[in-house]
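Okay, got some structures for you below.
Next, two complexes with chain A in common: one pairs it with chain B, the other with chain C.
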Partner chain A sequence: MTEDHRISRRTALITLSALGVAAAGGLAAMPGTAWAQALGQNESVEDAMKRLFGGKPMRDGAASVKLDVPLIAENGAVVPISVSVDSPMTPTNYVKHIYVVADKNRIPVVTRVTLSPEAGRAFMGANIRLGESGDVRAIVEQSDGSLLAVKREVKVTVGGCGG
Partner chain B sequence: MDVSRRDLLRLLAVAAGAGLAPRSLEAADGPARLLAFEPLGNVTLLHITDAHATLRPVYYREPDSVIGVGAERGRPPFLTGAELLRAYHLSPGTVEAYAYTYLDFATLAARYGRMGGYAHLATLVKRVREERAGRTLLLDGGDTIQGSATALWSRGEDMVRVSNQLGVEVFTPHWEFVYGLDRVKELFGDREQRGVFAGDFVAHNVAELNWAERPFRPYTIRDVGGARVGVIGQAFPYTPVSHPRRFVPDLTFGIQEDGLQALVNELREGKKVDLVVLLSHNGVAVDLKLAGRVHGLDVVLGGHTHDALPQPLLVGKTLVVNSGSHGKFLSRLDLDVQRGRLRGYRYRLIPVLAQDVPADPDMARLIEEIRRPYEAKLGERLAVSETLLYRRGNFNGTFDELILDALLRDADAQIAFSPGFRWGITIVPGQEITPEDAYAHTAVTYPNTWVREMTGSEIHQLMEDVADNLFHPDPYYRQGGDMVRLGGLTYTIDPSKPVGRRIRDLRVAGRAMEPARRYKATGWASLAEVDGPPAWDVVAGHLKSLGRVKLAPRARVRVVGRKGD
Partner chain C sequence: MSDIGKVRLRVPSSIKAGDVVQVRALVIHPMERIERDAQGKIVQKNYNYINKVIVTYLGKTVATFDTTQNVAENPFFTFTFKATDPGQLKVQFLDTTGGRYEGIADIKFS
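The block that comes next holds the complex of A and B.
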């Protein structure tokens, strides 16, 4: 089982060290419906992207960024996600930040992970909360400031009615 | 098998060569013709799937609507009725039309009789095993131990016993999990020890939630006809969202291309197998996508969506087979496997025609023993139907209408919901309906009914959500059921539209549904814990009070967005 969307013991430990204890908002603390959604959108994803990246161009990261997240969440309150980037991690060329953005969340910016060349590889994993079905994006900021983005639709379904 | 005139002549020649009088093949369109199979190669895979605990022969009408979206539309497996016959060069009014389509169902059912039944299936399996000694492997794609009263009452054990008697050698699950993980382990074992089941239970995409440990073995390797055959199990990927979470609270599933690719590579390079088979409970559209993205699969033996594919679909070099449901068919796939390469194949989706295949006495005895304590209770006459009653199809079937009527009446509600399960047998006109039949449409471990108020907009959203599970343009986002069945409500649907925009013109008792208004709704098989009377009692009670069932056609769902609309 290598880097599929489940979190292995090793990955979890790596994740903990990458995120530190102060994991950013959006990490699921308890299961259950994301009631916060009912309060309405706190910030639109467009505003959030503008705030974070201004008008900076963003390239399609499909060739080097791997976003692993279930297509249909088994539990919207705890959705395992990992992002790995095929990139050198040298002092002159490395992945500096990985952002996770959930378009439909009340607060779309779920987390920003800061990496350094010492991390050895550009990887992060976390459990995030998704309020409803929508795109989840991983945005990679490289040390030269360039941006790569990938996204995937994740369904948070009422379920049932299986064949 | 796509039997053309040429094939038929060849089969006759083969039969003659084997010393069979041509008369024994009966008329050219006789059912026995479908049992003649010219063997090929050194490996015979026998595949059954989605039996849904159908111990005895039944009627099961194939769907009249299976709508594909985008590029899928109008191509196999999204073909039904006359379109399907045309695509496979088959004729209406034949045994193939009866087995593979809904056309003239009542008429052809009277001619060709019931299908399936483990005793008849056992005879066919035995015959092939005798003919191909040492060269066969029998695989079951799951959904085997749910769907009948006796399976429910024995918590799946009766079906595991008949599976052992049949000699099932490899198995992968879905509905098995509604008895809970502990019960699955008792019946099928786990990666450490065996259970009641005598074969190998494989499921690569099931893991414990926290640490990604697999509770079951991901694959098994069998020697068949001198070839090493690796079989990877693919359990239904969306088990936790399709059933109450309480049955598998600590397991995670999903579609894992990378994990599967790693296993295929391990089998090919590390274990030096000659053939890689995926025994899948994905559903056919997911199988087709997966086969195009994971390299090195020779064969996918699929189930879940109950598609009876008359021929395998080829994706690159991968053969994708789907073998129908309810014991109606035995798939036979003969393969020529030489030094790690698949060099040729021959296939038939063999209809198990109970009146043309004698029952195997040992299996018949076991089934009788299983049923004896319950026979009287299950055989009681509840009603007689004048109407053909069925469930399968993308939208409400006539048996669903009956269930919805029962729910609406019992709860005195305005709107009723019933899941779009693809299982549930067919009742032909003139047939008695028994408690056994009511269970065959409702036997789940979460059968309770519920009643509550819902706003028009909640109802609409729920319908959109379920429609997206059926018509999402990407098969990986589909759960494989049909559309939720609705009573008390009519609507228009355009499957080609995106989520949130497919369903419109909702009407309750003829009047436009108001988004903010509250409606009294009822249903069963909820994912939450509810405590209304179980669906089988509600349905049986309704049938008894009716005595005779006669349903006029109901204009329930208008489907638009297809060619010509």
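The block that comes next holds the complex of A and C.
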């Protein structure tokens, strides 16, 4: 692939994605898209936490956050995970973000879910990849900015992150 | 794969007004992983994976997922929403190549 070909391709892609976002009715602002790209970086989990949350204190969320992930994942390529949070989900008190972070993955941040009070319940589920055995964390950011964290160790038999 | 972008939404068959409904959304997508060359260096290219999922109900955004390559192939997401009025539930998947796939479910009360 030649250099100028790559640039033109990238420009085309940026234009396309901008169009896609515009077509989505302005639901996703462009900064959001840039964020999503910055979300997945090749870094250590400490760096990722520092980048996402700064030095904000985190409370143990074991009482209200339920992280559901298998203890042993035979196939790291598909690991079902779900997070549910005890929250009234009213416009004044709701769960704003749920982050899922896998400590041992090369890109530790797996997903960031943004919820609105219309969701009714603070819940998310997804199938994720885990490279090797290690902690999986769920970090919940509430509408008042406070952070709750829970983590669980998952043993992975066959890693699923490839190269 | 010609199936890329096929979206399936699973909504409970009977919904009552005011229920908090759990929906499962599946999309067929390769979610390319990071490749490395023989020296172990990461191949720099535009990987094709879904980086955003937007859920709208009655035109309002209920939830968005910002995802990275750590989400499994043919990703499936679960979320909830509060069914207040009959209407359209739309789930859009955006990938890094500008692809945009969407699934629509009509929410009716029984």
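Throughout what follows, the second predicted complex is superposed on the first by the 116 of 163 C-alpha atoms of A that agree within 3 Å, B and C clash if a C-alpha of one lies under 4 Å from a C-alpha of the other, contacts with A are read in each partner's own complex, and residues count from 1 in each chain.
By our rule, contacts are C-beta pairs under 8 Å (C-beta built on N, C-alpha and C of every residue); 3 or more make two chains touch, one makes a residue touch a chain.
These figures come from a predicted structure and were not determined experimentally.
Engineer: Looking only at contacts as defined up top, I'd like to know whether chain B or chain C touches more of chain A.
Structural biologist: Of chain B and chain C, C contacts more residues of chain A.
Engineer: Is A:P70 touching anything from chain B or chain C once the two structures are fitted on A? First, second, both or neither.
Structural biologist: A:P70 contacts chain B only, not chain C.
Engineer: Let me test your reading of the model: by the given contact rule, A:V158 touches which partner, first (chain B), second (chain C), both or neither?
Structural biologist: A:V158 contacts chain B only, not chain C.
Engineer: Quick one: classify A:S116 as touching chain B (first), chain C (second), both or neither.
Structural biologist: second
Engineer: Between chain B and chain C, whom does A:S133 touch in the aligned arrangement: first, second, both, or neither?
Structural biologist: first
Engineer: Can you list the residues of chain A that touch chain B in one structure and chain C in the other?
Structural biologist: Looking at chain A, the two contact sets intersect at 9, 160-163.
Engineer: Quick check on the complex: what are the chain A residues that touch chain B?
Structural biologist: Within the complex, chain A touches chain B at residues 1-9, 70-75, 80, 133, 153, 155, 157-163.
Engineer: Give the list of chain B residues in touch with chain A in this complex.
Structural biologist: These residues of chain B touch chain A: 50, 143, 174-175, 207, 209-212, 214, 236, 238-243, 245, 252-256, 258-259, 262, 283, 304-306, 419-423, 462, 465-466, 468-469, 472, 474, 476-477, 479-482, 484, 499, 525-527.
Engineer: Note which residues of chain A are touching chain C in the complex, please.
Structural biologist: Residues 9-10, 13, 16-17, 19-21, 23-25, 27-28, 32-33, 35-37, 39-40, 42, 77-79, 82, 102, 105-107, 109-116, 118-121, 123-129, 160-163.
Engineer: List the residues on chain C that touch chain A in their complex, please.
Structural biologist: Interface residues on chain C, with respect to chain A: 20-22, 24, 33-36, 42, 46, 51-52, 54, 56-57, 59-82, 92, 94, 96-100.
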